[in-house]
Amino acid sequence: MSLEKQDVLKIAHLARLSLDDNDAEQYQNSLTSILDLVEQMQSVDTNGVEPLSNPLEAKQRLRDDVVTEGNRRNAFLANAPQTEAGLFLVPQVIE
Amino acid sequence: MVDQSITSLAKKLRAKDISSVELTQDYLARIKHLDGQLNSYITVSDEIALAQAEAADKLIASGSTSALAGIPIAHKDLFCTDGILTTCASKMLHNFIPPYESTVTGRMQASGAVTLGKTNMDEFAMGSSNENSHYGAVKNPWNIDKVPGGSSGGSAAAVAAGLCVAATGTDTGGSIRQPASFCGITGLKPTYGRVSRFGMIAYASSLDQAGPMARSAEDCAFILQSIAGFDTNDSTCSEIATEDYTANLDAPLNGLSIGLPKEYFGDGLNNDVAKAIQDAVKEFEKLGATVKEISLPNLNLSIPSYYVIAPSEASSNLSRFDGVRYGYRCEDPKDLMDMYKRSRGEGFGKEVQKRIMVGTYALSEGYYDAYYLKAQRIRRLIKEDFVKAFEQVDVIMGPVAPTTAFGIGAKTDDPIAMYLEDIYTLSVNLAGVPAMSIPAGFADGMPVGLQIMGNYFSEAKLLNVAHKFQQATDWHTKNPSLAEGA
Amino acid sequence: MNWEVVIGLEIHAQLSTNSKLFSGAATSFGAEPNTNTTLVDLGMPGALPVFNKEALRMAVMFGHAVNAEIGMTSIFARKNYFYPDLPKGYQTSQMDDPIVGKGHLDITLDDGTMKRVGITRAHLEEDAGKSLHEDFHGMTGIDLNRSSTPLLEIVSEPDIRSAKEAVAYVKMIHSIVTYLGICDGNMAEGNMRCDVNISLRPNGQEAYGTRTEIKNVNSFRFIERAIYTEIERQADILEDGGKITQETRLYDPDKDETRSMRSKEEANDYRYFPCPDLLPIELTQEYVDQIAANLPELPKQKADRFMSEYKLSEYDAGVLSATRAMADYFEETANVAGNAKLAANWVMGELSKYLNSESKDISESPVSAGHLGGLLVRIEDNTINGKTAKSVLQAMWDGEGSADDIIEAKGLKQVTDTGAIEAVIQSVIDANPAQVEQFRASDEDKQKKMIGFFMGQVMKASQGKANPGMVTPILNKLLKG
């Protein structure tokens, strides 16, 4: 499995990572070698094997529907790059 | 004072031979003196440590029986600590001060432990050498030209060098065991779900597990006792009751059956490492254990399976680092897209970006079945291998890594070679079983770790097995010699 | 060409839990920005979700109400995309194994016929926050109060064939969720939001045409208008030989047009996968059955009961059970009044006139059901007559208090004292000797016609307070001497 540079740029866009041309080539090589490593999986017959996503195969616990936490806005906003009037600010969202 | 066990320090604290404040000052002075060589800490929290030590002295005076009261420890820098910088060794979180406490650090604090600071690590726990840190590589105290292992390399180096009594680590694919092995200390990765992940910055949610790194199995037991157990804040945390992890440390090992998986002793295992492991196994036979060859036939598949599952979960877990609510935001973004891409492109290191991209690809349309689902099916095969093995034996033993610590920079050009080094540790995380690394000798002057794997929730048994070995041997008491004040 | 319209709807109903889907933050509407948030809702590092029991119960209730299969094992998945109001960079939703599977519901069309609409699925998911576009130096403000609020996304089959059917379907869903008490149904507050998928195909063609999706339409009226507008737009394109682009569109009610949302056009790859922070939700049959057994009465059942219990006509029962608020109002009025037919007439008649004149919903009525019932009691026990009652209702609407307060304050009580009524009648007889004379000289037929005159005089003299039922026999007796 070999990735084209364009594939790398598409993945980087999906993942919102800025890549310059040089980066893209580097990643093209390293991602291709990881995908080659991963390719071994395809040689194994897993027909009829259920996927395992949690090692304990436990079931979801339920929380009572009660409000347990109050307003801690100031503590949370203190880490934000830019805020105003209790809001997080970002470059304009165009809809 | 610096190479003493928690038990002996606790005794001295209660006998007023020393106060926690004095002990803490000793450690802070050592860190100041020696950590320049190792770079094991990202943040040293002097003031908080001394305040906690003062409180611990009062706690002890008022009769607290907590073994951890007044003991200076360190936390891997991916546990959120209220009011203390928490970076995950990433530029992305270079300025992040959480207004909340992780369950692990909170419970240790409640046990009276003193937080000396936050240890260095591979960025977002991605790496096996601690070379992927925004704050620089960590050096191995046994030889500062070598890596300490990763991703909990700072914790391992700090414990080995006596820069804290014990430390916390996290293990997603070997990140407690491999650095413990490389630095000659004892580390335990508990059963998945034994310890809450709340407040632990996630790498791969279904694999991550926090655990103790210390100088002995007994010390690990004290820490596990403090941090293990159900937590309502983590849906994946088990409700199964914890055990008393120190009560049966001395139980005899007569009749213990040890499985040696033949796949752990094949090509690629360094001869000297193999020798140390075989010697350690002989020691167990002397202690009354029986040994039997077993097979974990899908071991080789753990590498591809892990390198799909972990990056996939990571690609999603790390999406929250977007420069909006906390952490790094690029300078002068020209629009929203630019803010996202440059904040993440500049904020994350290369290894992190690489794994995010692998995961993004593996989950994307048209590839999900062939990569992600396939990896999850193989994950089940790997789990079944362990389930079958534990029908035959009580514990499984083998090496933690194929070699001892390698040179800094030796594998940075060949990341795949680095991934292959994880061959003996990944399957444990995929299956979710507990495992330890304990010092079992040296090869070429560098420590060798023996891996002991157990059945689900058999931490007490693992600690017992490790403790008996440590009573019969002295590998765990060896100390590296660091140049004073260099 | 004649086109057949094919419509499918996705309705997001906000579940009326106290706390959020995955955190202990409050869900109250209109709080100061970012004050109803915890580290989970803000996507802080290390935060983990824990699932709300009540949201699960509500989803299962809905499943029962639309005769659906309940997912005995359902799974939360992550839908990955970047947006500033989506703090984790993914929305926790359900993909392959939703909590509610295939079901259906019946709607009544204008001509009185029933139509069955298929429900494809309904799944639980968390809401996103809000982007505020007021000018913050050219930047956008992000409020995450709504983040992680529980939503039930209800997806219909493409069974709907007109704007009117679509509205009837949405009204029925609205009615069901409010009957179940699982959603406030306030569309203006975004409690219930609709995405409408529309395509056209030539009559008789089986294959579906290319569809567009109109996002976030938030009133019954706008749904109808948006659909008409979009049908027209698509028909124009098709008739000119053009092609419909599959895209997301937005309805602008001011211009009455739909327009393409280009910013959302970018082909998205959501990379769904099971959320590793949450485990499969496994239900027991006992749990599912217990919810079924305790399901509140639904609109159809309520209408049937109104007919059998209160002897209402099918039409009246339909009107009075259309919304839970209306049904509850009617039933309370009927219970207080002790006369269901009278209550039905007043709720659908006089009260509805007032409500319509001020475009108010029954839930906003300034006259409570208890007060209206109290008024009807006074008609029933002859304290006032129907005509007086109408003026009392006006006063009640204007906030002058209960019927009894108003009757008392204005002295509107009917005179039922025989002596007092006799005295009034006697005074009328005394004041009109000529008419009395004429009456007594007339035959019975003529007398019947003349009695109206005396009745009017008596009511005038008593200022309308004399009980007409009592006046008639006494008047007859005294006139005949």
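By letter and in written order, the chains are A, B and C; residue numbering begins at 1 in each of them.
The rule is short, and it goes like this: contacts are C-beta pairs under 8 Å (C-beta built on N, C-alpha and C of every residue); 3 or more make two chains touch, one makes a residue touch a chain.
What you are looking at is a predicted structure, and each value in this text was computed from that prediction instead of being measured.
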Taking each chain's C-alpha mean as its centre, the one farthest from subunit B: C
Pair sharing more residue contacts (C-beta pairs) when B-C is set against A-B: A-B
Between subunit C and subunit A, distance of the C-alpha-averaged centres to the nearest whole Å: 41
For subunit B paired with subunit C, centre-to-centre distance based on mean C-alpha positions, whole Å: 57
Centre-to-centre distance between subunit B and subunit A (centres being mean Cα positions), rounded to whole Å: 23
Where subunit A touches two or more other chains at once, by residue number: 14, 16, 53-54, 58, 60-61, 63, 72, 76, 82, 88, 90-94
For subunit C, residues that touch 2 or more chains besides their own: 39, 42, 44, 50-51, 82, 84, 142, 269, 271, 276, 278-279
Where subunit B touches two or more other chains at once, by residue number: 96, 98, 206, 232, 235-236, 315, 322, 324-326, 336, 340, 360, 364
Contact footprint of subunit C on subunit B as seen in their complex: 79-80, 86, 88, 93, 96, 98, 100, 102, 197-202, 204-206, 232-236, 312-313, 315-316, 318-322, 324-326, 336, 340, 360, 363-365, 368, 372
Complex contacts: residues of subunit C adjacent to subunit B: 39, 42-51, 78, 80, 82, 84, 87-90, 142, 269, 271-273, 276-279
Touch list for subunit A against partner subunit B, complex: 3, 7-8, 11-19, 27, 30-31, 33-35, 37-42, 44, 46, 49-56, 58, 60-61, 63, 72, 75-76, 78-82, 88, 90-94
Interface residues, subunit C side, partner subunit A - complex: 17-19, 23-26, 32-39, 42, 44, 50-56, 82-84, 131-133, 136, 138-144, 250, 261, 263-264, 269, 271, 274, 276, 278-282
Contact footprint of subunit C on subunit A as seen in their complex: 14, 16, 53-54, 58-69, 71-73, 76-77, 82, 84-95
